[in-house]
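Everything below concerns the one structure shown next.
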Amino acid sequence: MAASETVICIGCPLGCRVVVSLDKKGNVTRIKGAQCKQGERYVLKELREPVRTLTTTVRTMDDAYPLLPVRTTRPVLKTLMADIMRETVGVRVKPPVRCGKVIIADVAGSGADLAATTDWKG
Amino acid sequence: MAERIDVAVIGAGPAGLAAAIAAREQGAERVVIIKRSERLGGLLPQCIHNGFGLLYFGEDMTGPEYERVFMRRAEKAGVEARLETMVLDLGEGREITAASSRHGYMRFRPGAVVLAMGCRERARGTLGIPGGRPSGVLTAGTCQRYVNIEGYIPGERFVILGSGDIGMIMARRLTLEGARVEAVVEIMPWPGGLIRNEVQCLHDFGIPLLLEHTVTFVHGEGRIAGVTVARVDAERRPVPGTERFVPCDCLLLSAGLIPENELSLKAGVELDPVTGGPVVDENRQTRVPGIFAGGNVVQVHDLVDWVSWEAEAAGRAAARFADKGKMPFAGKVRVSPGENVKYVVPQYISGKEDVTLHLRVTRPGRKAALRLGGKAWKRFRSVRPGEMIIEKVPVARLSQFISGGELRVDCGRGETGEEA
Amino acid sequence: MSYAETEVLIIGAGVLGAATARELSRYRVDVTLVEKNVDVGWGITKANVGVVNQGKDTLEFRPEYRRSHLLWRSLAMMEPLCAELDVPFRKVGGWEMCWDMKMKEKLDKLARRTESLGLGKDRFYWYPELKEMEPNVSPKILGGLHDPDIAVVNPVYLTQALVENACDNGVHLMLETEVLDMKAGHHWFEVATSRGDFRARYVVNAAGEWVDKIAAMVGADDFVLFPIKGYVGVLDRRCEGLVNGLVSVLPEEPGDMNIVVPTVEGNLLFGIQLQINRRGDHSTTEHMARKALENARRLVPDISRENVINAFCGFLMLRNYEIGWHECEVGMSGRVPRFINMTIGYPGVSASPGAAAEVVEVLRKDGLKLEPDPKFNPRRKGIPDFSRLSDKEKSELIRKDPRYGHVVCRCETVTEGEIVEAIRRGATTLDGVKHRVRAGMGRCQGGFCGPRVTRILARELGIPESEVTKKGGDSTHLSCRVKDILGKEEGDG
């Protein structure tokens, strides 16, 4: 069975709705709707391996500063976002924290670390 | 605080920090940021998402990371800060009246002032949503502060009115934290924020975006019990018979930002009724000599990078003003919005300098042509009100577009207009 | 079963109940004031536009109505009362305007009556003269009758001040105390409340929106009331000065009330769009909002949609709505001894001092021993209003207490010092703070200061932030801590 997928390109305000046709093996047979090559490249990547930078917070032990903002050190597979969020639930951090400090290494097996995005002297 | 201050910057968010740093780099000796709260920095700490700095630093940063860099630069540049200090009045001759729990009550007259107060969100009252007055109705930005700073989630089941960027970003944030977002309701036929946010905040999580819909009633007296959502017609009026009840325990409002200009009005600064911000020239000087403005206080930007750049221009000019004691308003040429252009900033230019035009279109469209003085300048495959257009025009080419003291800017269909 | 006993039980801490409590606190008599809400003045009182010293204007204040006498009696009382209690009072003057000659005849009649009653001489101004005083009213206005005595107060401030002063003088206040049932005995009323049972010799029923329901508990409902919902819009402070005094136009049809009035704080209010409504439902409707704005724009064309920062609805409990809402009910029930009903209908705030004095007389006549309390202190000091102080006063206040230098609400310039003081005086909720010191009352409607006021409330009251409510009851505002929903799912799954 051949199939097609629609991906909205986020490269520019145009927001092209790009339709990608796939054959049985999942190989791309046709791309329609993109207005530029860059957009096509984005769409192919988004289709094969959609990744996102996940940003969230972890709790601290300090009521006056209850949350520390964190991010994945690089984009992670979209499908891993829920797992990463679950891993943040039990975390309680203590100061001092420097921006970039790894809070959870290889979070949810994503290959990326969850790292602080700010300094917290405490 | 009787001593001489060259440049006083009101507000310490991205605009205030950038303006102050630029003023120091331009040579102003004493640059003081006046800031309400106990620390420098504005709303960026609560904007924990990424997407900042792509243009300015060529790096995908989060809000706290972006701010951290500017804080360090401000410190290094020798910018001073008056913290926990609220400016109460800005009067004749740039006289600032301020109150502070640390420094007491004070009046002083700096060499120049940069307004960098940012913007505020439209509240429920100004949106005029009928219904009860329960708890659980708040703006997306207030919710962002609760969720990302204070550590509380103000509900478990949300409806978001308005598809501004903060609203969409909060839809994702709340979903990630386990809350349910029933829908994002947008009265216009197009989303209010960036495409990137529509895809990554709504589509990624299967959150419905109801275009041409609005909230027509808020139910509940104690805690909100739900809202009535209805489709709207071309005049944006609810269509009878399309109403449906959506249960929720929290309604977030993300229906527009308004430049925060109460102080500007006190100072007699003329405001542009469309932007809601001061009328400025290419130096970001307002109509009141020595009062400059930059960032969201002038116009609501999509990207913080542009806030920083605009405020830097204001900061540099303020330093020059403080040094010379004067700077004429560059009011020779009026920049006027034409076809499908909602506004252009700056509103006035000298015509003698390179200029960067910031503009927004009124309606979205494909194949649009930006025309300056009736002559084609650039073609766009697509334009959207939610995405600001920024065009740098070198002085060498500027004169051919100006006629009769006016620079007309159109952004209509691409077919018309002769090539420049 | 054990009862708390009180000589006089006042039900409802609105402006009427509060004024009566304060009036009774002059004497050595045991008074308990119960209020269903978490704070005082949150019923009908809160939705009142705050116009006082009424009695000569539009409505049918004919001498044969008791209500007229209460208003006239109150005329001389309100200003001194506000002075004693340090409640802002602004004599702004009021206009009753007309569009045509036919309406002018009514105004002429009104002026003659005012004069014949010895209430003063109100002057009629034709538009060109009127314009000098109110330059922004529509030039289509023919003219208007000017009543220089009209003043504005904040009805909630007045109520809070009355209650504070009453409590200082020995009245017991019980909040969140709802009267559930009542029995009339020979000597006592037995009153069941959500906070325990009472025995009271006298009951003063000032329950506002629910006054007839309370009266019905003992069969003292010898009147019929119609709940009339009224819509009021609030304009941004930027509009200050658009009108200088109360501007109203004679109704062209019954119920067609059209006024624009400044508040003591400098906002303008407009309305009042009226409709019969199921009580308890305080929701605004699109129809009311649109009609009220249309009316206001007819009267003052510069009012615009963009400047409407808020709106609210409240109730007027009117008698004989169909024939013109003329009468009040203030006095001993004709059916139940020692049971006093108090309901004015409109305008309750204006009539409150007179009505309270009347109730005290009724009690005395009935045999309640009212011995003056030599310790009675009529004075109460208000919360300092930082934004309105002089430079010198501001300076001194900050030096004395640096919290007055910390501005928490930027729209209304409200300091932490004021908020802490509001909490000390009984605010326990966000709305409690808002209605004492205006934090959150301005154009951003608490978007900026909400989280900060929540923190201060939690700190001062010694409760977690999640227990801070908007207005008591189930109006919680922060449901759970970040990560708790995810954690719960984890536990479930």
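Residue numbering begins at 1 within each chain, and the chains themselves are lettered A, B and C in the order written.
In this section, contacts are C-beta pairs under 8 Å (C-beta built on N, C-alpha and C of every residue); 3 or more make two chains touch, one makes a residue touch a chain.
Not measured: the values here are computed from a predicted model.
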item	value
Chains most often in contact, by C-beta pairs	B-C
Per-chain CA centroid nearest to the all-protein CA mean	B
Reference chain C; chain at largest CA-centroid distance	A
Intercentroid distance (Cα basis), chain C paired with chain A, Å	54
Separation of chain B from chain C, taking each centre as the mean of its C-alpha atoms, in whole Å	38
Centre distance in Å when chain A and chain B are each reduced to the mean of their C-alpha atoms	26
Chain A: positions in contact with at least two other chains	57, 59, 66-67, 85
Chain C: positions in contact with at least two other chains	481-483, 486
Shared interface positions of chain B, touching two or more other chains	149-151, 177-178
Interface residues, chain A side, partner chain B - complex	8, 10, 12-15, 35, 52-57, 59, 66-67, 69, 71, 78, 81, 85, 99, 117-119
Residue numbers on chain C that touch chain A, as the complex places them	481-483, 486-487, 490
Parts of chain B lying in touch with chain A, wherever the complex brings them together	45, 48-50, 60, 62-65, 68, 148-151, 173, 176-178, 194-196, 198-200, 203-204, 366, 380-384, 386-387
Chain A to chain C touching residues, read off their complex	57, 59, 66-67, 85-86, 88-90
In the complex, chain B residues that touch chain C	36, 84-86, 88, 97, 99-105, 107, 120-121, 123-126, 128, 130-136, 138-139, 141-142, 145-147, 149-156, 177-179, 216-218, 221-223, 238, 249, 262, 265
